[in-house]
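Data block below; observations after.
Chains: A, B and C, in written order; residue numbering restarts at 1 for each.
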Amino acid sequence: MRPLDALAKVCGDVRPGESAEGVLGVEPSLVAAPGSVAEAAEVMRVAAELDLAVVPRGAETRLDWGTPPRRCDLLVDTHRLDALVEHASGDLVAKAQAGLPMDRLAEALADRGQRLALDVPLPGSTVGGTVATGAAGPLRTLFGTPRDLVIGLTVVRADGQIARSGGKVVKNVAGYDLGRLFCGSYGTLGLIVEVTFRLHPVPAARAWVTCSVGDPGEAHEAVQSVLHSPVAPSALEYLSPGTVAVLLEGVPEGVAARAGQLTTLLGDTAQVTDTAPDGWGVYPDGTTLIDVTAPPTALPHLLAATAQPEVAVSWNASGHGHVGLPSGMAPAEVAAVLGSLRDTLAAHKGRAVVQYAPEDVRGEVDFWGPVPALALMRRVKDQFDPDHRLSPGRFVGGI
Amino acid sequence: MEAELQALASRLGALLGSDQVITDPVRLRTYDCDGLTNHRATPGVVVLPDSAEQVAAIVRACADAGVPYVARGSGTGLSGGALPRADGVLIVTSRMRRILEIDVANQRAVVEPGVINLDVTRAARPHGYYFAPDPSSQQICSVGGNVAENSGGAHCLKYGFTAHHVLACEVVTPDGELVELSAGDPGYDLLGVFVGAEGTLGVTTKITVRLTRVPETVQTLLAAFASIEAGGTAVSAIIGAGVVPAAIEMMDALSIEAAEAAVRCGYPPGAGAVLIVELDGPEAEVAAQFAEVERLCRDAGAFEIRIAADDAERALIWTGRKSAFAAVGRISPAYLVQDGVIPRTALPQVLARIDALSAESGVRVANVFHAGDGNLHPLVLFDDAEPGAAERAEDVSGAILDLCIEHGGSITGEHGVGVDKARYMPRMFSEADLDTMQMVRCGFDPAGLCNPGKVFPTPRLCGEVPGVRKGPHPFAGKADIF
Amino acid sequence: MSAQDDLPKLLGDCVHCGFCLPTCPTYVLWGEEMDSPRGRIHLMQQHAEGAPLSGPMVEHFDKCLGCMACVTACPSGVQYDRLIEMTRAEVEQEHPRPLQERLVREAIFRLFPYRRRLRALRGPLRAYQKAGLDRLVRRTGVLERISPSLAAMERLAPPLGKAPRLPERVAARGKHRATVGMLTGCVQGEFFPGVNAATARVLALEGCDVVIPKGQGCCGALSLHAGREEEARAFARRTVETFESVDVIVVNSAGCGSAMKEYQALLADDPSWSARAEALSARTRDLAEFLVELGPRAERGPLPVTVAYHDACHLSHAQGIRAQPRALLAGIPELTVREVADPDICCGSAGTYNLLQPEAAAELGDRKAANVDATGAELLVAANPGCSMQIATALRRGGTGIAVAHTAQVLDASLRGLGREALVGRPE
């Protein structure tokens, strides 16, 4: 039996791949869109039997992240797995299928005054894609990233078995937390099919306080002063060129009082607005995006290392940021910027990882940089995917 | 002592100082259990390393000899997670207790695993910071133990668990390598799975923790209700109003009675339930929300509300709650502490079912719980002098866990699975779920020497096709040491 | 119920939670389970279940300071104080000790509880110190080689001044408020006579007639805390007799006060003494406890001094007296009280511990000295002669001297308007 027919027997939506659907240029032979968790498990089982290399796909917002797959026999598209399975509002918990777009999830939760405290830097992106890439935005200052908000996870393993970890209660230490392991695993350990999140109430009021900073030193000072103040911001960001922005959330009288405290703290240029400043919650402009992590005091060094006017930077006070490089930048120059970034951040135990880059740049740079526990990661990968069929080559060290 | 263990003991003696290796049987026996005393096993050898290099050398020696090992911090765990192996080595981290760095600008601290939880806060406090995870044993439990158990505490409702406050761990892997697992590094979030793995993936030797800004203000109230149901209604109303308290704790009449006997906490007489609600954060936020919480408690039928005016009054309110576990010893010769979780909204049904269970079996159950996150701590009372009483208590305790599972909850919210609840894991997870979790273990510890027999009821054979078992199990016969 | 019937119940109270560990001085030093209260209770349990009193077992019992910090920390109400006393009594009866250890123990218990013997030692000791022999002996380490315990004893001896004799009765100043008996103690009386004089003056200035019976001897604390129960009972009976005529017995030494409050348990099995012992225990007060109950009347003169207050274990843990001394100090104009870090951890003095376990005691003394030093205070105030000797010795060893005084001496200086020089010497 041909692979297409074998898959069609277990899944209602299977077709040959098209050239436009290539993952970083690697064209899939087949595309299957399972409509249920059971169907997804069957698809994965058949793929295992036929030795097909599988790459999951959500809304394609981050399919061009990471390195290209070595093989892509089957794209598993999650767009039919788009149910909000459960919203237990009294328990502040929701369970969603992987293909559900984040904005639709947000709408449904907002109906009952709740939210998943994760920003969506790329509109349209799905629950599964967000978890698989560990994506987050400014709110990470207070709420963290997917690893901090996922409380239950259902995956389909390479062999087609369905496996769950966690549950639907926030407080739970029974068994290993595979939710955290799968966050940011780029589809290399299994197919994420359902995710249970802890939720937060939508705040009654919010305000942004912004101020202008003239140089890296000033930016650092402003960030540090807010960080060590008692105003408890939901988000604290530096946005190039030269803005420090703070998001305050809470009850109206509380937000007003805290905004007042912050304007005193941040000085003459401080402004209070009820809309987000430019560049808030989106990746900096550019065709190459570099994700940087380092402790908060690395900020002035990061800014000094990216001082070229055409380089855009955003930085969250939790110790995480993004650098955007323009389309015109030559591959060698990109490699040089990346190298100097890594050198600068290494002094702070920080690192820089390329998220996406134009094709001509991809060949010139090491996407991941040093990976300290790579040997251990390979051993874990070998357990989950002994035949290396899940998104092969998409991740660190060619995993 | 078996010959192989004896040989290992002398090798360890050569690697470490003479006061770092314990082989005397009387001394070894003092290490036979952690905070859970109904599982005991005297370790074959105890070692007290004082550096990461020593831990690595010990683990390598064990790996070479094929001898299992268990790491232990302060020995306060409540699930037997640090239960030693009679045929193995117990690695005690109580001498690795240096606070290596308090980095205020970056809001973090670097500590050795034996450092006591509360000592991190003591060191950070002068700078206006603290270490947020606050398990009830925080004055003695070690940070290494917190990492293993992913410890929570009364305030984890708002601030999260240890996993949310650990930025990196230096780990000795089961092959004896020193590796740094960091949340910021590229690749798999191995740190995320290491925290809470109950010491089955390696031994941590250095931990970088996040420090949290001390809130501008803390407000605490105690509300007394006629019944648990009324208290539960108040909790739902508070959460429903969009308030995220730092903590919401509830005690029932029996546990109030015990606390009163032990510490004379002076809770309102006649209360069927008391609720402790604590809010913290910026003053303006807390003031507004606190008034609302007070109103919601009254609406739900609180007949008395006390508001702590200062730290001393706050401490008094917390005294009864914090002493509740140990205090139950005053009203019952023996008791089991259970730890289960349910969705908070199921609280009334589950408590009614626990009441019914108690009535049917004649076994008294006192309830203390973290009401905000549905984490129940039923204390099942019995008289150990009475034949069969312990078994009946055990049955009731197990039935409560079944109730938790039935309502979509968990068999443990913070005490861990350890050796105590491994047998309940198949009630909560399928064979495939457990098998998948153990793939991680096989990646880290294919020989299965690192804290074996914990978390999982049956170990997975590494390197084999899942679900298929061939030949006798390598641990067959050894498991009955427990 | 006799003590042995009690044992299984007392042991059963321990739920193995470990809350005692961080307060235990030996656990703080060595981080070993068997040198923690929880571990020692485990060892007692092993013994109760039939394991013999082996050398290692006794070693860990001996290493316990008996500071009772664990009793304060225990949420389950374990009576470790009773457990360790019962265990020590058994060790003394059952366990053969090596000759040298036996000799040292005998020497200690034949010397310290007897004022006349201590007094006989004063002369030679003063001469020894005056001649500078002490420095020579310490430099050569000769005693260290002969016996670490003897060396410890030598180091701990405070510089001696003249010892004034106290009259049998000191009359109240002003309107009479109470008549109190005063225990002079053995070590306090001979090595810190100034403390007793100050105590008597303070009591008198606060309106008390102070009765100081001549026939009083040792209260038995050292023996009781070392498991020498019979000896302790004999001392206790004599003390009960001596003080039967007064309403209140004021004690300025924490170890003595806590032992006297335990007489009722010590003599419980003796029908002819149990009621009398109970009555005496009920009338025993620590000086600070008594003064706070009485309330201040005499005018306090200013003392511009920064003091570090040290909690003696037998005051804070055994008697629960923490607030009273601090309140008395805070009541002195211009005096600043600084808290010492880790106040719950023993200084290592612990009765005879610094003589029997000199190395551990010295380590604990150094830790305490460092914490005292860190307060930046000019004067260390403590309410136990053992603590004062221990901490002063450790501070000397560390090269940072600090003036030492008993709470009574600070109050005395304030009430008599002597000024700071009386306590910390003249400013440079």
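In this text, a contact is a pair of C-beta atoms (placed from the backbone, for glycine too) under 8 Å apart; a residue touches a chain by one contact, two chains touch by 3 or more.
Protein identities per chain, from UniProt: A = FAD-binding oxidoreductase; B = FAD-linked oxidase C-terminal domain-containing protein; C = Glycolate oxidase iron-sulfur subunit.
What you are looking at is a predicted structure, and each value in this text was computed from that prediction instead of being measured.
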Chain whose Cα centroid lies at the greatest distance from that of subunit A: C
Chain whose averaged C-alpha position falls nearest the assembly-wide average: B
Distance between the centres, which are taken as Cα means, of subunit B and subunit A, whole angstrom: 30
CA centroid of subunit A to CA centroid of subunit C, Å: 63
Between subunit C and subunit B, distance of the C-alpha-averaged centres to the nearest whole Å: 39
Subunit C - residues contacting subunit B, complex: 12-13, 15-19, 21-22, 27, 30-34, 39, 42-43, 46, 51, 54, 56-57, 60, 73, 75-77
Interface residues, subunit B side, partner subunit A - complex: 103-108, 128, 149-150, 152, 156, 160-161, 163-164, 173, 177, 179-190, 192-193, 195-197, 213-216, 236, 239-240, 242-244, 281-289, 341-345, 370, 373-375, 408-417, 421, 425, 428-430, 432-437, 439-444, 446, 455, 462, 466
Touching residues on subunit A, where the partner in the complex is subunit B: 88, 90-93, 113, 134, 144, 147-148, 155, 157, 159, 161-165, 167-178, 180-181, 183-185, 189, 200-204, 224, 227-228, 230-232, 250-251, 253-254, 256-258, 261, 293-297, 319-320, 349-351, 353, 368-369, 371-377, 379-384, 395-397, 399
Touch list for subunit B against partner subunit C, complex: 19, 22, 24, 26-27, 29-35, 37, 48, 74-76, 92, 94-95, 97, 114, 116, 137, 139-141, 262, 323, 325-327, 329-330, 333
